[in-house]
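Note that chain A is present in both complexes that follow, paired respectively with chain B and with chain C.
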Partner chain A sequence: MRSPVRLERRLEQPKWLNWVVPLASLVAALILGALVLWITGKNPFDVYQRIFERGFAGKRAFSGALEMATPLAFTGLCAAVAFRMGLVNIGGEGQFYMGAVGASYVGISLGGSPTGITIVLMCLGGMVFGSVYAAIVGVLRARFNTNEIITSLMMNYLAAIFLNYLIFNSKSFWRDPDSPQFPKGKTLNARADWNTYSIFGIDLPIAFLIAILAGSAVWVLYKRTRFGFEVGVLADSPKAARYAGIRTTSTIVIVMALSGALAGLGGAADVGNFRGLLDAKGIQMAGYGYTGIVVAALARRNPLVTVVVAIFIGGLTKAGYALQGPDFPSGLVGTLQGLILFSAVAGEILIKYRIRTTPRRSEVVA
Partner chain B sequence: MNSNIFIIVIASAIFYGTPLFFAALGGIFTERSGVLNLGVEGTMLIGGVTGAWTCLHVGGSAWFTITVSILMGALAGGLVSTLLAFLCITLKTNQTVAGLSITIFAGTVGLSSYLANIWKVSKQPVPRPIRNLDVFGLSDTPIVGPILFHQTALTYLSWVLAILATIYLFHTRIGLQLRAVGESPQTADAMGINVVKYRYVHTIFGGMLAGVGGVFYSLAIVPLWVDGMTKGAGWIAIALVIFGFWRPSLALLGAYLFGALQSLGSTLKARNVQISGDLLDALPFFMTIVVLVLVSSRFAHRKLGAPAALGVPYEREER
Partner chain C sequence: MTSEIAVKMTGIVKKFPGVIANDHVNLEIMAGEVHALLGENGAGKSTLSNILTGLYRQDVGTVEIGGKKVEFNSPRDALNAGIGMVHQHFRLVSTFTVAENVVLGESDSSLFMDQKAVATRVQELSDRYGLAVDPSARIWQLSVGEQQRVEILKVLYRGARILILDEPTAVLTPIETTELFKTLRVMVSEGRVVIFISHKLDEVMAVSDRVTVLRGGRTVGTVNTRETSTTDLASLMVGRSVEFNRVVRQTPADRERIVLDVSDLCAFDDRGRVAIESVSLSVSPGEIVGIAGVAGNGQRELAEVISGMRPITSGSITVDGESVQSGRARSAIAKGIAHVPEDRLHTGLAAGHSVEDNFALKNYRSMSRFRILQRQQIRNQSTHLIEHYDIKTPGSETPVRLLSGGNVQKVLLAREFSASPKVLIAASPTRGLDVGAIETVRERLVQAADSGVGVLLISEDLDEILSLADRILVMYEGRIVAEVEAAQADRARIGLTMGGITA
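Now for the complex of A and B:
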């Protein structure tokens, strides 16, 4: 009893597949999404048209896409960096929160410093908090072989509780003392606001440029340095890495810290470039960390592509927020993102394997 | 006597631990066959929302409505995990990412929330919640009454399942073959066991149990549907599989331990004990990490470790 279709491992992976397959998975996801919409009594064309209009078409929509893409680029890079080593860091969410905590601490403290210095120091604050938080997961994994997937996820919940504590259940440094009735974060000094440039009428947040910079830096690190090479060896063959004398333990911790630093940078951008305060509810609702996993998977872990994919997913997310209402229920965009991730995962198979059809038995006999 | 705090905590630990155990037992079946299901959280949520919808729309006696709701929740969970099985077993994708994609697709801001919206079940109290029973009229018996005779029907079912699952896994031929599939699919295949079939069946059954766990949230614990109401229970269940060393009996104990941690907050608050709510909320997640670190040590793994082929797709050609 053999199935008529089987998968055969490709000996060589043609380069063009790396482009065609993700695009094809995107199309497949849209078709699956249309199916879900159609089954639940919505007009798929109508929904997609509105997503396109509100998410991408026109200067205002595209500005919105870039705004949303910025945190997603960072969380996408966070996931991609860890994936490259075979580590699954789904703690980007919590590391993002911690980054926001660190950066807003710096931002509130540095009342009158020049904007440029403030931006740099806030970025550092976010990176330090994010990377330390992620490094805990890395140490547990490296030292005790603890499953990093579950620990990093548990750390997300802990970070969320910590965030709520800071803003809602304590009189912390981050909380606005002038608003005891409606707890919210302390607003940053106006000079701590990060720049947003206007180019041809499109708002380009400086944090998006930082994201491009970070993506390029990761690309150089993984493609052009000894450390990147070692990470690659560790990912593909841990045994070979051990024989070659590559230090597994410290590399795991460093990669996790790097991954967390990127997410923390995203948290800093969220505070500095967009919200101007530590918005405990807002950043939990956004779920940038989880969406970043979708971004990284669709970008096939390539750091530069991650930034580009973030714009696409960013527009989709932005449209979801803008359109939310009775005939555009919340959860719809999340469902679409899930389908995109599915298709991206399933698409991987077409890069690794060739689909062969086995001839029918009668033909074989003949 | 029965208002003693220890008795209340134990009784509610069993209550809150029940959905964790259902999901963890599902995880045990799935992982014993060599498939890692990181989609438990999403699967539970889909089961929960389907159960709530069914309960709102199916009339009849309480028993009938609740039974149908549980079955529908199981069915929905089974469907979601069929998707996972297809990705992991047939397409041989990376099981970690496949499971994550299930949780993102079905999760808090995904399909479960979308369905809740279009089905209009959000925050609608279910007409027939799952109630604690008064078994043999013994619920007032000192000490054992609240703990043993005042639980939900699903809790009693879970005790039966724990026993049946232990017998199935360790004392039947099929169970032995299942473990062989999880340990060494090549050997199992050579013995004439259909690896693909074993993996599909147990992944789907595992998803059905996770779906039942979700129904327990929307019909018993709250009892109405709130988006993302499992709040990480699915992930704790995955940790419980590891914590329970892939054995139903230990997973049951673990589930009640975590059930106790979850119920501690509301119990203490009801007693006006001054303790930070945030600290109590953080306890289950913190303990999950602690427990995972403890059981990940090499010593524990030597005798009671994971199925050897866990997370590895089976490729016949590459024997």
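Now for the complex of A and C:
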């Protein structure tokens, strides 16, 4: 039986859809989440209220949201930059790890240099490691047309193994020699700690400011520059790009490298602004790379919106950690994030297509 | 011909945002006839056939098949009712084989496909109807003409009784067209119904039994082909009398000089097989050189090679003595080669991009300062071109895919001509356009030649080449097999050479 509801491609996409649909999909996700809560015998309103209080309400809660939002803003940008060109970079996770490896290398090596210089160099270290790691995927895609979803995903596992090797299975440069029983990364010199500003009692990590800067830069790059134009044409029609003499291969590699650099920057922020060491276990547990995909999807690939959405998802995640207990299952926030991703992707269809209902099949002649 | 009514559409209304595509259209088709649906682009032919095939639902009106009222909720319902459509824009999965495409979406297809049986059946059908195509070839490897044969086979394979062909001859050569017409006659003699959508008057006259003319979304009338003429049909279609005159050249070609020189060119096609073999040709300033040939004989590859989209394996291309780098479109553009490709919407233009962005597609580099695009400059260029080339668009920011076929081509021509090229490669520049637009495009081509541009006109429409070109080259299996001055051209002989017969 065919469903009486069908999709018809929209001839024009009204502008209001661009923000109404994501908001509606968010609401839909929350309703679905409420259903899950209700089935498991919890009061949805109660749970949502607690998430809101612990995630966003008040200075302490909002500081926590910003802290969690920072890495997510970077991984969100990583995903958004690639999505814009129709490249699905699932590898933000691994690129984030590599960025953390690169930045911590710089941070440990620099020892006592002034904080400002250290921040800049750590950022560069993270970006270089993240971008080179992502560029491998780009080259494979551009040269051999391998599916970037698969290669970037596989490289996440490689990065995780590499990370574990550095901290748990070797006497690497990164591993703290003073803690042989409990393997962990070397703690960075205090001067390598990145600044966190206090504004009206809210902790604002410098890395979040860098994320805003990065988001703006990406926005300008895609909206205003020649390169952005080329990426746009390539995303729209690869044949037209070839026709216009746009260098397809190098553009793909550059976009992947840029995407990886953003994730790498997130890794640098994780080391410098928050953990102060290469925390192999911690960053793998956090899964920022994957959550970043949710952020980018909900932000509809807009780099500026991505940073804002990161705060929302950040607060949600933070609340999830804070509230975890017998009456608040740890999987709840993950479930919510999953529902948000599903709804955002479904919403994407509603922006391109519209739903038409057809009357019940009264009479169909065979 | 029996008098039984096979299809009856009454009072069909279909509205789209801002347009009434069909405004109370009536259509009545008898069993066993070839019924032509004639009209300009935007007359509502495609919408009407999309309703008949269940792709769209009419807002108002009824559809009857064999005297029974039907409601189609999907193309499958229409298919079950025996209606099959051969679309102008192919709906094939390019990575699948011909056989796979033919069975794709079959209602009774089992989990595993009997490749061999399908291939045999496809082969049978293609032999019977003269639709030569290799069942095991993959779609992306096929020429446009071959792909269309697959579309026709697909419909035949499903045993459709009512076949709708949307501009089927647009991609065919004269010989192929004749073959197709034979096929259509065989089909109707078997009691099938063929709805033939076209705006080529000669073909409508040649193949159809009756003609229904649409104009501006309304039915103008239905006439018996035998009792009408091309002139009558043309005036019904456009609402005024149109005369087909050969456009007169102002300035003759400067045959002393050569602007485009191609020598000993070889190149591969997408399959990695030789598509162009030792092709040498030259074009003088102000000359229109026509390349005639059956689709899939290397014309597309030739256009791509000269415009730098496809690398050459040997040979050379020079413009005014300067050589063009192999496979570098940017080099070709810089040397002054303009290219109007066969696939306008997805190669010549970025369909999802705005009109103004498409105007800037090749010169955006010069419209930037410190790598930042100068939007105002792009907008000014667009405003100028829209006015100068009389392009009908709601605005500069409208995506090109929303424009009508004729205006899409105008956007492309405006960009290519305004770059003041030395050489213009035009591949099937009037394909799929209505009479008015065809005239405009041809005038523009002649104007370009008059202003000293060397034009290489690649077309499957022999009449077009005969009426525009100064010199005609015939391509067959990747080679230039004949060269004649247009003045001495013999239509029949060119037709034979296109079919590989050289006297």
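Here is the rule we use: the second predicted complex is superposed on the first by the 355 of 366 C-alpha atoms of A that agree within 3 Å, B and C clash if a C-alpha of one lies under 4 Å from a C-alpha of the other, contacts with A are read in each partner's own complex, and residues count from 1 in each chain.
The rule we apply is simple: contacts are C-beta pairs under 8 Å (C-beta built on N, C-alpha and C of every residue); 3 or more make two chains touch, one makes a residue touch a chain.
Note that the structure is a prediction, hence the values are computed from the model and not measured.
K.L.:
Now for A:Thr335: first (chain B), second (chain C), both, or neither, which partner does it touch?
P.N.:
first
K.L.:
Just chain B (first), just chain C (second), both, or neither: which does A:Ala190 touch?
P.N.:
neither
K.L.:
Which holds for A:Ile39: it touches chain B only (first), chain C only (second), both, or neither?
P.N.:
In the superposition, A:Ile39 touches no partner, neither chain B nor chain C.
K.L.:
A:Asn169 contacts which: chain B (first), chain C (second), both, neither?
P.N.:
First partner only.
K.L.:
I'd like to know which partner A:Ile199 touches here: chain B for first, chain C for second, both or neither.
P.N.:
neither
K.L.:
Should A:Leu7 be classified as contacting the first partner (chain B), the second (chain C), both, or neither?
P.N.:
first
K.L.:
Check the contacts made with chain A and report whether chain B or chain C touches more of its residues.
P.N.:
Comparing touch counts on chain A for chain B and chain C gives B.
K.L.:
Report for A:Val233: first if it touches chain B alone, second if chain C alone, otherwise both or neither.
P.N.:
second
K.L.:
Both chain B and chain C contact which residues of chain A?
P.N.:
6, 8
K.L.:
Using the touch definition up top, name the residues of chain A that touch chain C in the complex.
P.N.:
Going by the criterion above, the answer is residues 2, 4, 6, 8, 11-12, 224-229, 232-233, 236-237, 239-245, 356, 358-359, 361-366.
K.L.:
Contact residues on chain B for chain A in the complex?
P.N.:
38, 83, 87, 91-94, 96-98, 100-102, 104-118, 227, 231-232, 235, 238-239, 242, 276-278, 281-282, 285-286, 288-289, 292-293, 296-298, 315, 317-318
K.L.:
Mind pulling up the chain C residues that touch chain A in the complex?
P.N.:
Touching chain A from chain C are residues 16-17, 56-57, 65-66, 68-74, 76-77, 80-81, 307-309, 328-333, 339, 341, 343, 346-353, 357, 360-362, 364-365, 368, 371-373, 375, 402.
K.L.:
Given the complex with chain B, which residues does chain A contribute to the contact?
P.N.:
6-9, 36, 40-41, 88, 90, 140, 144-147, 149-151, 153-155, 157-158, 161-162, 164-165, 169, 287, 290-291, 293-294, 297, 329-335, 337-339, 341-342, 344-346, 348-349, 353
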